[in-house]
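Accompanying notes for the structure given below.
In this document, chain identifiers A, B, C and D correspond to the written order of the chains, with residue numbering beginning at 1 in each.
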Amino acid sequence: MGEIGAKLGLDELTGGAVGISRALLAEFIGNLLLNLFGCGACVNISQGANAAPNIVLIALAFGLAVYAAVSAIGHISGGHINPAVTLGLASTGKVKPVRAVLYIIAQCAGAAAGSGLLKALTPERAAGKLGVTGLGTDVTPLQGFGIEFFLGFVLIFVVCGVCDGNKPDHKSTAPLAIGLTVTLGHLLAVDYTGSAMNPARSFGSALVANEWADHWVYWAGPIAGGVAAALLYVHGFSAPPVETIT
Amino acid sequence: MGEIGAKLGLDELTGGAVGISRALLAEFIGNLLLNLFGCGACVNISQGANAAPNIVLIALAFGLAVYAAVSAIGHISGGHINPAVTLGLASTGKVKPVRAVLYIIAQCAGAAAGSGLLKALTPERAAGKLGVTGLGTDVTPLQGFGIEFFLGFVLIFVVCGVCDGNKPDHKSTAPLAIGLTVTLGHLLAVDYTGSAMNPARSFGSALVANEWADHWVYWAGPIAGGVAAALLYVHGFSAPPVETIT
Amino acid sequence: MGEIGAKLGLDELTGGAVGISRALLAEFIGNLLLNLFGCGACVNISQGANAAPNIVLIALAFGLAVYAAVSAIGHISGGHINPAVTLGLASTGKVKPVRAVLYIIAQCAGAAAGSGLLKALTPERAAGKLGVTGLGTDVTPLQGFGIEFFLGFVLIFVVCGVCDGNKPDHKSTAPLAIGLTVTLGHLLAVDYTGSAMNPARSFGSALVANEWADHWVYWAGPIAGGVAAALLYVHGFSAPPVETIT
Amino acid sequence: MGEIGAKLGLDELTGGAVGISRALLAEFIGNLLLNLFGCGACVNISQGANAAPNIVLIALAFGLAVYAAVSAIGHISGGHINPAVTLGLASTGKVKPVRAVLYIIAQCAGAAAGSGLLKALTPERAAGKLGVTGLGTDVTPLQGFGIEFFLGFVLIFVVCGVCDGNKPDHKSTAPLAIGLTVTLGHLLAVDYTGSAMNPARSFGSALVANEWADHWVYWAGPIAGGVAAALLYVHGFSAPPVETIT
């Protein structure tokens, strides 16, 4: 395969074909559930598409969808279900490039499937834009980028903290901490940017609603923030090795 | 007893009569609490039966009722308190047919008892339909089936993930993860289908309110989704055996 | 001391005077915090005493106050902070009569102190009845008793389940499960009975507001429900002994 | 260095320069995230600066921000991100004076940076006072002091309880318990005092909004309450040493 192939992680594909295909399916399902449940919670069947959003409801739905997905499939794929997580971990070498690219494709496909399913399951009158992300009134694209940067930052900062191999105490509560950090991000940002925190989630909604205004914000922001957090954590805050009991 | 009897699980009845009767009582109480607290939280004493539902309140009540019940009786019966969970696990061979049938009877009886108690404890003026599940405006039965399918899917997917014998880290937080997944389902679906996720819960309400419109949706949806999730998990996502320390 | 003295638990007083006085102080502080934070969350400073209650806010406040108190002092006194818990455990022999009586006195004194503090810290215009419990419109005292019975039942049922010595997996999450069960009870019952679940909490509010209508409901209901749950759990649902690793 | 230097903890600076600078950076980032996410959740982009606050939303945001920050950096600095926590622990000798002073500077700087970032990321029309803390209508400064005293008390009481080295069962859920206690405080106090619980959080907002009315309340209250709780816990409620398995 050669040295470059090893660096890119091509060997993960040939050596463990079952493993990677399971992981891609897991990521696909995780993102499907996220867009179906999270964006679905933005729909208001009784009051229709112009009702004011209930931010606490929406924030809990996205956070608990992540909690559910990571609880179910975290052991298969790592439970990223978010290109910003995948690229954050890739920037520190924990995920190899080829795996990262395949994950992101699976995540975007899952998100699109989830938003498509949601459209099919929602009465047209009430559907509106099915949770598509967009900038709030008077929020500039640069402000939106800044908000999404910190959404990605806080999420990947927590992911690194609770999945740190030298902090085993956090293992049993890691999915909850990650899910509630997603809730946190939405409590802040639903009315700033729609609160993506996650390019795949935003992509799935945008594709199904065919609404692409300021779409770059939802890729650049969380990914830049996620990479910054991962590098900061790995170089500054990693826990020292736990001494093994022998 | 013969080979067929063993497959059906008849031996569980004769061999462990105390065990199964305790388990059935546990399931009965679990479903009683679920319908009493969950449906009771749908009642609005001060504003009466026509008040708009507070979806966050309702979703937290159903989820925390499941969290409470599973915390209290999970070690006795497995804490299914939901025919979709029982049949999902039965489809993978983890629960034998006779036990499954008895569980479902106990679950439906408990739900009916909980809804009956709620009716007795609620002033008639405010009672309304006591949380009976029904399709939202313009939601077709097929859409309702689809929503309930994914409610059952996500619930049993998480149940399989956190109760996987090879993921011991999840054991201490499993009841919380299951309960908050029930909250998640309700955040999405209260205004789509009333959010059953659970045929017994829906049956108990329907019996006491004598309201059976589209009732098949609440059996077919969660059970189909639950069986699909259980089979997918068992065949695709089970964790590999943890190596024992010796 | 004699046989009767031993049964009543008089020896706990003489043998461990430091222990019991610490435990009583712990219960006092726990109930003080519960009434200060829980009842305080019922106050609406900006809209005044006639504002409609925000049930989710109130339910979270009471539940998280219990979570906080049990986390801080559970190891000192058991973290009952509720006469229904104390009497439920006393009915099964886990708490001796003398200790139970002293606990209840400390709990009621703490609740009164908490409600008194709240009165001093709240502008008179906004204070209203400072979270005093009372029956909702058209709710009969018997219905109120029934609701409070099940509030006590579910709380002590969960306490028994998560503090079962043979279910060590629940130990780390027990305070959370207990706290969120208190939240569950309030989600159901704020508009039925004001949701005491706890005679001391109700007593403290009643004393400070000097409002005693239907006060018996808030003692008889939770205590009867708590004793029923404790007896049911101990005789029907206790986990079998965990085998020790040797 | 001499005896006084050792008491003040000067040796921590020279002996472990990398350690203390990492800890200060961790505290800085923790407080930055707290003010950015918590105060940001107080902003209402669509309805503007005069909208009534959603207390549940705000309380969850501050609590989950603390949960996220402690999960990510608790192992580096202890995860105080609050001068009242730092001084409470310092009063019991667990944190040395020099470290305490440096922490508080880092915390205040982080909070100011978080509020400054929030100002830059928020449209001017909607910004209002960006979550500055202030006394509610008719709340006297003394009442405000009392409320903030108990906010500091409950927080540091829980911190001591869940970080008690002799209560290892609490270790995995400590960040959650601390975060949800912050939520508890806000559920009570947003309309009394704006609910600081934390002098640094209040300082950061006050600096950026240049609004200093009653600012002493937000330093004196939480610090007095925190010191009281820490001394009470250490002298009255510390858990006895866990026996080591040998």
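Definition applied: contacts are C-beta pairs under 8 Å (C-beta built on N, C-alpha and C of every residue); 3 or more make two chains touch, one makes a residue touch a chain.
Computed from a predicted structure; not experimentally measured.
Note on connectivity: the fewest steps through touching chains from subunit B to subunit D is 2. Farthest chain from subunit B (centres taken as the mean of C-alpha atoms): D.
The two sequence copies subunit A and subunit D touch through a face in which the numbers common to both fall below half of the numbers used overall.
Centroid to centroid, with C-alpha atoms defining each point, subunit A and subunit B lie 28 Å apart. If you average the CA atoms of subunit A and of subunit C, the two centres end up 40 Å from each other.
Annotation for subunit B: residues touching 2 or more other chains are 56, 171-173, 176.
Arrangement of the chains shown, judged by which pairs touch: one closed cycle in which each chain has exactly two touching partners.
Against subunit A, in their complex, subunit D makes its touches with residues 22, 25-26, 29, 33, 36-37, 40-41, 43-46, 54, 56-57, 60-61, 64-65, 67-68, 71-76, 117, 120-126, 171-173, 175-176. Within the complex, the subunit A residues that touch subunit D are 52, 55-56, 59, 136-140, 143, 146-147, 150, 154, 157-158, 160-162, 164, 167, 169-173, 176-177, 180-181, 183-185, 187-189, 191-192, 233, 236-237, 239.
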